[in-house]
Amino acid sequence: MNLLAISSETWTITILGWLIVFAALLFLVGIFLLIPKIIKLATKRALHKKTRHVGSVPAEDEMMLTGEMNAAISMALYLYFDEIHDDESNIITIKEVKRRYSPWSSKLYGMNNMNFPR
Amino acid sequence: MLQKYKLPFLLFVLLFMGAGFNAFASAGVGTDIFEKALEGVEKFWNFTGFANAHFTNFIMIAVGLFFIFLAIRYDYEPLLLIPIGIGILIGNIPFPPGNKIGLYEEGSVLNYLYFGVQQGIYPPLIFLGIGAMTDFSSLISNPKLMILGAAAQVGIFATFWGASILGFAPAESGAIAIIGGADGPTAIFLSSKLAPHLMGAIAIAAYSYMALVPVIQPPIMRLLIPMEERKIKMKPPRAVSKLEKILFPIVGLLLTTFISPSALPLLGMLFFGNLLKESGVTERLADTARNSLINIVTILLGVTVGASTQAVRIVMDPNTGEMINKGFLSPDSMKIFALGAISFVVATAGGLIFARIMNLFLKGDKKINPLIGAAGVSAVPDSARVVQAEGLKCDPTNHLLMHAMAPNVSGVIGSAVAAGIMLAFLM
Amino acid sequence: MLQKYKLPFLLFVLLFMGAGFNAFASAGVGTDIFEKALEGVEKFWNFTGFANAHFTNFIMIAVGLFFIFLAIRYDYEPLLLIPIGIGILIGNIPFPPGNKIGLYEEGSVLNYLYFGVQQGIYPPLIFLGIGAMTDFSSLISNPKLMILGAAAQVGIFATFWGASILGFAPAESGAIAIIGGADGPTAIFLSSKLAPHLMGAIAIAAYSYMALVPVIQPPIMRLLIPMEERKIKMKPPRAVSKLEKILFPIVGLLLTTFISPSALPLLGMLFFGNLLKESGVTERLADTARNSLINIVTILLGVTVGASTQAVRIVMDPNTGEMINKGFLSPDSMKIFALGAISFVVATAGGLIFARIMNLFLKGDKKINPLIGAAGVSAVPDSARVVQAEGLKCDPTNHLLMHAMAPNVSGVIGSAVAAGIMLAFLM
Amino acid sequence: MLQKYKLPFLLFVLLFMGAGFNAFASAGVGTDIFEKALEGVEKFWNFTGFANAHFTNFIMIAVGLFFIFLAIRYDYEPLLLIPIGIGILIGNIPFPPGNKIGLYEEGSVLNYLYFGVQQGIYPPLIFLGIGAMTDFSSLISNPKLMILGAAAQVGIFATFWGASILGFAPAESGAIAIIGGADGPTAIFLSSKLAPHLMGAIAIAAYSYMALVPVIQPPIMRLLIPMEERKIKMKPPRAVSKLEKILFPIVGLLLTTFISPSALPLLGMLFFGNLLKESGVTERLADTARNSLINIVTILLGVTVGASTQAVRIVMDPNTGEMINKGFLSPDSMKIFALGAISFVVATAGGLIFARIMNLFLKGDKKINPLIGAAGVSAVPDSARVVQAEGLKCDPTNHLLMHAMAPNVSGVIGSAVAAGIMLAFLM
Amino acid sequence: MNLLAISSETWTITILGWLIVFAALLFLVGIFLLIPKIIKLATKRALHKKTRHVGSVPAEDEMMLTGEMNAAISMALYLYFDEIHDDESNIITIKEVKRRYSPWSSKLYGMNNMNFPR
Amino acid sequence: MNLLAISSETWTITILGWLIVFAALLFLVGIFLLIPKIIKLATKRALHKKTRHVGSVPAEDEMMLTGEMNAAISMALYLYFDEIHDDESNIITIKEVKRRYSPWSSKLYGMNNMNFPR
């Protein structure tokens, strides 16, 4: 069996198809690498205005670390609960935890509260 | 006080119950009635499953029972295997044709429920629910892992190539190829458009191998990734803001469907569901989408896809005019199963190898653990769990689950895009 | 600051509101406008329910109100009687034909919702939910009580015989007979296949008598079972293992549908639902099947079955070409109601008498309380509760409920098998 | 132990991955393959959204994004604006026609889901849910406030008159007029019957202005009601018995549908849902009606109504035979939006002015606060909340919410009756 | 543009349509002004029979006031909760409150218990 | 009216139909009388293996009695709750009770845990 003895259209779809999938997701990657930078810029400006009133803000690096840990833990918890049962209740639990304990989310929700009145 | 009616009532009832027997004994010639009764028994017998059974029915029933066994005993994708398994039983109860019983007979209940499969309506509704239950945070926090979800789609295109070689027509090859996407709804959607006559085999193959992901993937992982690389620890993903989570489904919808408009029903609904979840103002809709709605559709899709595997299905050949069996157990089905197995292997290998290639360009603590490449085949969330399990075997402190979720969900997007590409080229 | 716009705005609004009256007063001749208005009033009047009402509409509205009253006041099967009752009201609001309003007019909303009744799609979905909420433990623990569920099906076959005598065609008789099965979904499913034109009357009769089970059964029980036998205490049922519970729906599905393939939509879905419940790995699907899904279908089925009892329905006679009323209140409907009453009585008696016969062959503490035979008619779970209530009246310490559940649920299976048999012989 | 298979396996995979590139390099002439690839790229490009985009698509996408923004940022009717907004995005992804992608292409998934909109099936199901969640107590306790719900329907008839002047055909005018009823489901139901080709514009206008009620109504209130009247305090509504609550849906159903039988699907389902809620014996059905069922229908209705605003839709003109764009952004759509704005203003003014007129006939503590007249437009419950907010601005101790609920819910009934009248005159 | 230069049918629908909506709702108003009177009559008779056995009943006016306040409060609460979240849970809460605290509802439910055995 | 003057086919269906229903359910009865015996056999073997490791097992008869009572009680409770309200919550409650208190179910779940790993 000659593996190459198929129509050239087949080859086109095989190679080109995969490349297009790559291109599409690379496009998405690019955009989503860009978005947080734009948001950061906007947030900084907003924070700048805010700090005049609020006073000291925790150093960003420190905050980020906490936020990261928090996200990692909550996602691990999420998947752990997901294994036990399949429904939604756990997600709500985790959301509550996130809101309650993370200084990062407090900052984030602060920002949201600024943009989203409710 | 009712006691006085007792005797006449009892008599009436006994009279009735006895009347039939009296009739047998007394009415007409007697033998005539007996003959009629025999005729009736024969008529009924010819209607039963026992009279219409073919040995292939029993093979399929055994397959259905095996699916149910796998689901209950090993907890392999029970939400899919139980409905499909019982569907296989339902579809292979033998029946006399022409009585609106079977799934393929117009006007039967199963045929009406199958409509949503045939027209590709159920898969987008399932994607709506999946969108409403999926947290894309890990993917947003580390977008470059998304590429692994693209790499694993090599399974799709490899299978396309393989199916063409095995002699399937281009549209058929495209439909078969999507098995490598490891997404049931996508597979059903695409085959409903490109090759409806192969849908049963494609769907069963896709769901079977998805359920078997914990069996298929580990050996490939061990083959292709050296132990030291399996132990790589990754930085925890950064936290993701609510705004990013809201923007993701909107931007994702616009970009992916501009590239691949044929995937609109799938990707549109996936990102719609995710926006319902992340917007924070439509929680009641998101809740219904990821519970009642997806459950209802899963039940109907599973049982009808299972029932579409009817082993005996006599139809007239449009060319020769003779009656042939277009049942499930055909050489084509066997080929599709073989191709499906290969496509899962190639997809997994593609994800793993690409992850190793990526590592050539990444430095220090930015290096990724190549195991997570295997999650790019999607089969959400099973393949991510397999990655987690394999990672723990090599280093009990290395939790890869959150990292594996990124290629895992991007594999869903990648397969849907690939399905759109197939439609663009082949429909 | 808006105050300065107040006057001009007010003027504009008043201008508009007055314009119409001005137009009446000024435009053209005046009398012409007045005539047009009168014409309009007349046109509208001819469109109202008042202009199109027939006294039979009011009879049916009274029936609907009575159903609602029974449901709220006496709590008789409210989940059925409320939707059906309000459906009767909706179906008997008089309307001018040809405007896509009525249930029987193609393209009307009610007609679309009725489709699931007409094609027999709703009943299997209801059976799916019933399967997902039914605990077959009592039946598994004491299988021989299942025979009582077969005995009570004498009501079905007695009614078949009676309907034939009253001059109904065989297929019609079969559809009417199923009223004796005391299962609404089965009755609707069978009549959708055998006698769609009688479905309204059959469904209403079946549901009415099911609601009236607490009124119909007790006198028959007291008539046919002597006091001492009503006091028999039964051994508590043995405990049932999880494995048995899982095997039950699988084995039940295979056996019953091999015997009666036409009952596949009903029995397939019933046992599918039960497997979802008992497998232990598909709880979210079982939960949706027995809540959202069955509730949605119950609402749609109830209201459209109710609305199918339209009293006035003028159609052209296919033979003579003249316009005749094929509305609900016909002699056929009356006959069906009479037959339905008899069938419930015969079914109850059949179950009770057979239970006494069974006792002839049972010894000591294995003897059964013949009252539970009455639960074989199904009408789940009302007739089992009636048995419990009657048992308590004779001996306040004798709880028969758990024992009555066995014939009760096997009555459901029996009726579905009987429906399949009717289809095998008559379709 | 798997390591020994490693090398051959790796070789196989690399072989496959390289085969394609090899093929390019070696097979046949090479340039031919390259040409084919270029052809393939071109074919794919022509299929993408980028190649098929028209600037009007981007206008509509911007509108969709604006809807989503309003919903999330200002919480304006998010349950409607999010599905419609994302539907507008989905409907305006450009695609090559003839591939069963777009909503208007027969056989596409969106087309199947749109069926419930086109045939007016979704609106009655939404009304069922609304009935099951609405408490009519305030209306039962003070029936005369119901008249305000009639007064505000002047918006409907004013718009009918305005649309006729702008040159719309009578049936079209009737469909457009219903925007003034401020009830999305009623608007969709009526336009599905009277002017299906305008449904997209009518639905979008109706939902947009409903979302903007908090912006539209306050200035009109301040213009038309003097400060002293805005401060009027009203007696708390009397308590309502359970019996009255049960009688309300039954009596309401019979009366309103006898007057306006064409509104049967809407009013029948509204009052059916309310009886499910108030009967006290069908709580599980009411619960499903106001949760799963209404949510499912809201999702499907919202996304398909949004997607029906496709900007580019080339069809053949039935008269001239040439291809014309029947897309959303037409002069008719603009006129409908203008008429919609006027109708909301007139409806609000009508309710307010009529409330002041009513006060002329009421004495002492029976006087009503004219602000609640604005709630007669319905747009439940937003306009009642606007009344509450305006009332609090004038007197922080004056809670008008409970009083405003009466005209608010009667506005729903009034619009449905008006829709029935339009059907009676125009269909 | 002559605003009156439209077909007389348009005028008919415009004016008549609105009047019919009015008529329909006025009809409903009439009925629902009547219903409580009929119920009161029926209730009085029933209460009359009952009081022979039960003894003293709180004065109706006082009761009504309490009932009114209760209804007002519960509706306000209802709409308040409705703003927070959209689902059903609050309604149940309010129902419980109503049942628990109102002497009026106790009377009402007494009546219902008379008519509705469960 | 001669009650026998109907077609012989009617008689066939009437009598034969009922007999077939009987036959079908008798068939099921047979199977379900058989199944527990097969399971018992399998369980005994499994228990036999297990006891070598685990040690003493409570006498089977005693266990069965407890199991029976438990089943009876839970079913009674089930139907009792079913009368109060129609939904699912009660079933879960009972399931919990069963799991918690019955030595029989502990044995059963032991067996299941053997066969069903989760």
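Residue numbering begins at 1 within each chain, and the chains themselves are lettered A, B, C, D, E and F in the order written.
The criterion applied here is as follows: a contact is a pair of C-beta atoms (placed from the backbone, for glycine too) under 8 Å apart; a residue touches a chain by one contact, two chains touch by 3 or more.
Since the model is a prediction, treat every value here as computed from it, not as a measurement.
Although chain B and chain C carry the same sequence, what matters here is overlap: shared residue numbers make up under half of all numbers found at their interface.
Among the other chains, A has the CA centre that is most remote from the centre of chain C. Centroids built from CA atoms put chain E at 51 Å from chain B. Centre to centre, using the average C-alpha position, chain D and chain E are separated by 29 Å. Taking each chain's centre as the average of its CA atoms, chain B and chain D sit 34 Å apart. Among the residues of chain C, those touching two or more other chains are numbered 20, 40, 44, 72, 75, 79, 154, 158, 161, 259-260, 280-281, 284, 287, 291-292, 421, 425. Chain contacts: chain F has residues 3, 9, 11-15, 20, 86-87, 115-116, 118 touching two or more partner chains.
For chain A in complex with chain B, the residues that touch the partner chain are 1, 3, 6-7, 9-15, 17-18, 20-29, 31-33, 35-36, 39, 64, 67-72, 75-76, 78-79, 82-83, 86-88, 102, 104-105, 108-109, 111-112, 115-116.
On chain C, the positions that touch chain F within their shared complex are 79, 133, 135, 137-141, 143-144, 146-147, 149-151, 153-154, 156-158, 160-161, 164-165, 170, 173-174, 235-244, 247-248, 251-252, 255-256, 259-260, 280-281, 287, 290-291, 381, 384-385, 388, 399, 401-402, 405, 410, 413-414, 417-418, 421-422, 425-426. Across the complex, chain A is touched by residues 19-21, 23-24, 26-28, 32-33, 36-37, 39-41, 44, 72-75 of chain D. Residues of chain B touching chain D in their complex: 119-121, 124, 128, 154, 158, 161, 193, 219-220, 222-224, 246, 250, 253-254, 257-262, 264-265, 268, 271-272, 275-276, 279-282, 284-285, 287-289, 291-293, 346, 349-350, 353, 421, 423-425, 427.
Per the touch definition, chain D reaches chain B in the complex via residues 2-3, 5-6, 9-10, 13, 16-17, 19-20, 40, 43-44, 47-50, 52-53, 61, 65, 68, 71-72, 75, 78-79, 82-83, 86, 89-90, 93-96, 99-101, 107-110, 112-113, 291-292, 295-296, 298-299, 303.
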